[in-house]
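Order of writing sets the chain letters: A, B, C and D. Residues in each chain are counted from 1.
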């Protein structure tokens, strides 16, 4: 690999993955306890993508993601407190409690938000990337989306336009095998989603999305390519979805085994094994995990204690 | 003729099943409609009975899904497309509004477009601004479309039977909160004509014209108001296109007062058309201004703020009291 | 302050040119907007002056074009997207209505979306059902959008200046038949506030509330009616969102009568909202039912049949005489 | 070439091309004289595609096309009288005078109409093709569209869905180098539009669209492939547009030379040369041309003499 992170970085990734995992665990249990309504779409099992790709970006780059984007927000350095508060629709939430689980945003971190219309954020990311090009600011935009999104017109149109205009954009597809209940083979007639790129003339690569090092490698290369003016790249990260689409909808898998498939390829134990093989002590890993847990428990407490937005503010933020 | 208690979801399922048994050409298109049974489970069992050729689960592409629906429909295969949330009608709107709705007309009657989009209003659930809209007014504004928007199981079944048999481009608007609510439904095969409202409650003092998710809150308001001696006539419009203009005016002529209630945002919603219908047809009978009860003109927030944005039974009550002043 | 005779197309061009000179971040997106100058030539000369980076001609993909516009806008680059015919707003409607309109809200005020879609109503030209629609009512029904719909050069310029400077998601509805019509326009840089109607003609007997392509026919009708002693007050609403509800009601309170005229099809058009505005705000003053003059509820045909479908000055006259009875 | 038409067929093509050419000439001059309003989009210079592709289809197959589809209607055997009457919005028009130049249709000829929203008819064609598959009727659907349409979401979504479901559909792209004023290189980042197919797993071929024999060859192969259950093919026909987009809009070409480019590659003289090289007498060709002209002059006369639809029928045909 060209981009070899040092051990300190790798350890940081380990802690980040746990931070995301615990965040999602808390999200699910809070939802189940009725602390918020709507739904929430955990990225459990997909943490390696958020972390590996996130690490390939500079703080000045921009990120846009989907409703399954809590991990991307955390990897981007958003405060878990304010994120959890947003899930609970509290005033202190990162979006002022108006957006909820599917509309997380922190512009100060150049996290330009998560979106609830599948693929609709992809052309928006194209526009953000185009602004970088026009401003010649050297920034790169990364947009995350699922396999399902790669059947939507907005995705294809953006592949075309972004490639044509050579905008500094990295398309990161998290192919977790399902769009709600529809398996990829019932939606996509090609083997690898990266192959989509061939119809548009941009590079496309497929990587193991459950290893943050591979994701990091591919997204780093794509970001560099974009920064050099080479235009966009489509990076497909193969992964496995958590047992269900969201905290409400069951995945309706054929059997329990299928539902728990993600556990067999869980990126966290796998990465822990890698770290241990490279000499990291179990105690170190435990310590990081504990810290991640504590961080999230505090976040949940903060969110629980926060107030709901005042009703008289319901009309705020419609127009500038 | 026997009746059973069915939920609205079951009634819709029953109507479709019934028609699919009758006409082997009927096709279902959409996402998650196969074994999964539809996003909200309305298609339970249909995949097992009719198989993957007729219950065609597929890729996430609302525009092409609706477009394929038009193509099947003009080829003599009546097609029902599920759009998972009404908010995403944006993506199917070209196929539905520029194609399905107009094609028979601009081809001089040569084609028939038996294509139905079923789509649910999914509001008050806290899913946020992109998953909470009631866009029936958009569809009502497109000549060539039927817009059906039932509030209960029996109406849903009867109207859907009619829509399928009539074979015109139809937007069939469901409501996620109404899916589980049960009411008696005929065993028999009784289509309900389009453009005929249902008097959900008779009354002489004020007319409440409403539909879908606001029928129940309006009836609740009517009960409370009756305690104070105000007798509301609650009209469940059931179809917005065609709109039962006569039925609305007849009621308003009787009561002299009208409140219109819907969950869509107020400005340029269906309520304006309904109100103006009474204005044009019953002006001389009006004893008070027509008032509207509707969602506030805001993108829909999540969380507690929703309570402020959506209308409720108390809002209907307030409006009625106001027109009774 | 000097004024010149400018066509509406020239006035729009001038406003955009002026703003692009002032703010180097402003970008134009669309198809055929480069050297070609826009489908209807509104952008004449802008490509030459500002070059291909800022006047970005591109592929035929309305959805992504509008989506890119949103992305540029939130990145501090105010963007004007041209949609070649208003009928194709269907394709840009998700980006505009589910994204641009709501994004500032659901992100708690963190982003600003200075994005304008310019799109023309292209009716009465005989281009058929897919090239003749007036869909402003759709846009009016989406909280978070400005809807501007001028009838003359001066208003077009002043309102567009305001829209660009205000920096909110805006649908700026032009009218192909009005592009060439000339009227005096200020040299000076005078933005016109949104939500303030223009009294195009004063009168005491009946109010005609109208906009865009129906302003001129309404004024023509008013002249004829004046010959018979009927004095019409013609209101050019200019913006539909915000709607000048106060202004409408003030006029109706004066005249006691209201006719609403637009070219969109009648059912669930903006006219219903405008009428209901007077109902809610001036009921006690109404001496006759509010009537609407609008296109018939049909897909728009080509050829001679169009004459029957679109409203004209005579229709306005008839409606006014009716409310004067 | 695998599909070698006999001389009789080739001569028929020759006459068809002239029929289309004269039809369009009459359309333009009628428009200029104000015999109808709106606009009209001639396929002058692109006749070889309509004729070559049309000949590759069976009478029971279905065709859908765009506003630039007069040639496809004629090649499909629609009556020039009723077509011209439709342009003039007369009662006797093929669409009853409601549709005009952009909405031609004759279901009895399985010509399922021309469409005025770019690319919107492509998924509709997909649905028609799917109905063939479901009915197992052995029919194939051909859908014609321009280069510009290949940037629209509806096109891409259909490529995906049609390939996935292996519907018997032939995508025929008439790449005439322009979408109104936008040249393909300003819209499409790849050399050949046929390459789009690679992102979706269907075959894609590029042919010389100004030679009906090449178009015929490619579309025949694609139709056979589809009929055999192999699914769709994307056939790109490279051609050159008439001087302008429509009878109203000037193409605003850089210069006169550019505008008249089509004349240099005009498929008709080229095909006539081919026929002459193969022993056809000039007199035979002239005779065919004259017949085509006469046919169209009669069509125009018919159209001119026909009545406008009665105003009381304006509300017909909205609902079934």
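The rule we apply is simple: contacts are C-beta pairs under 8 Å (C-beta built on N, C-alpha and C of every residue); 3 or more make two chains touch, one makes a residue touch a chain.
What you are looking at is a predicted structure, and each value in this text was computed from that prediction instead of being measured.
Of all chains, the one whose Cα centroid sits at the greatest distance from that of chain C is A. Chain geometry summary: the mean Cα position of chain A and that of chain D are 45 Å apart.
Taking each chain's centre as the mean of its C-alpha atoms, chain A lies 36 Å from chain B. Work out the mean CA point of chain B and of chain C, and you get 30 Å between them.
The distance from the centre of chain A to the centre of chain C, with each centre set as the mean of the Cα atoms, comes to 40 Å. Counting partner chains per residue, chain C has residues 58-59, 61, 63-64, 87-88, 91, 94, 98, 105-106, 128-130, 143-144, 296, 298-299, 301 touching two or more of them. Those residues of chain A in touch with two or more other chains are numbered 97-99, 103, 115, 117, 151-154, 157, 160-161, 164, 186-188, 318. Chain contacts in this assembly form a complete graph, since each chain touches every other chain. On the side of chain B, the complex with chain D involves touching residues 27, 53, 56, 58-59, 61, 63-77, 79, 94-95, 98-99, 103-114, 143-144, 146, 166-168. Partner chain C is touched in their complex by these residues of chain D: 36-39, 88-90, 97-103, 115-119, 148-149, 151-153, 179-182, 186-188, 249, 252, 308-309, 311, 313-315, 318.
Remark: chain A residues 93-99, 103, 105-107, 112-113, 115, 117, 120-132, 134-135, 153-154, 157-158, 160-161, 164-165, 316-320 touch chain C in the complex. By the touch criterion given at the top, residues 87-88, 90-91, 93-94, 97-98, 101-102, 105-106, 128-130, 135, 137-138, 140-141, 143-144, 241, 243, 264-265, 267-273, 275-276, 279-280, 283-284, 286, 288-292, 296-299, 301 of chain C touch chain B in their complex.
Residues of chain A that touch chain D in their complex: 151-154, 156-157, 160-161, 163-164, 186-190, 195-202.
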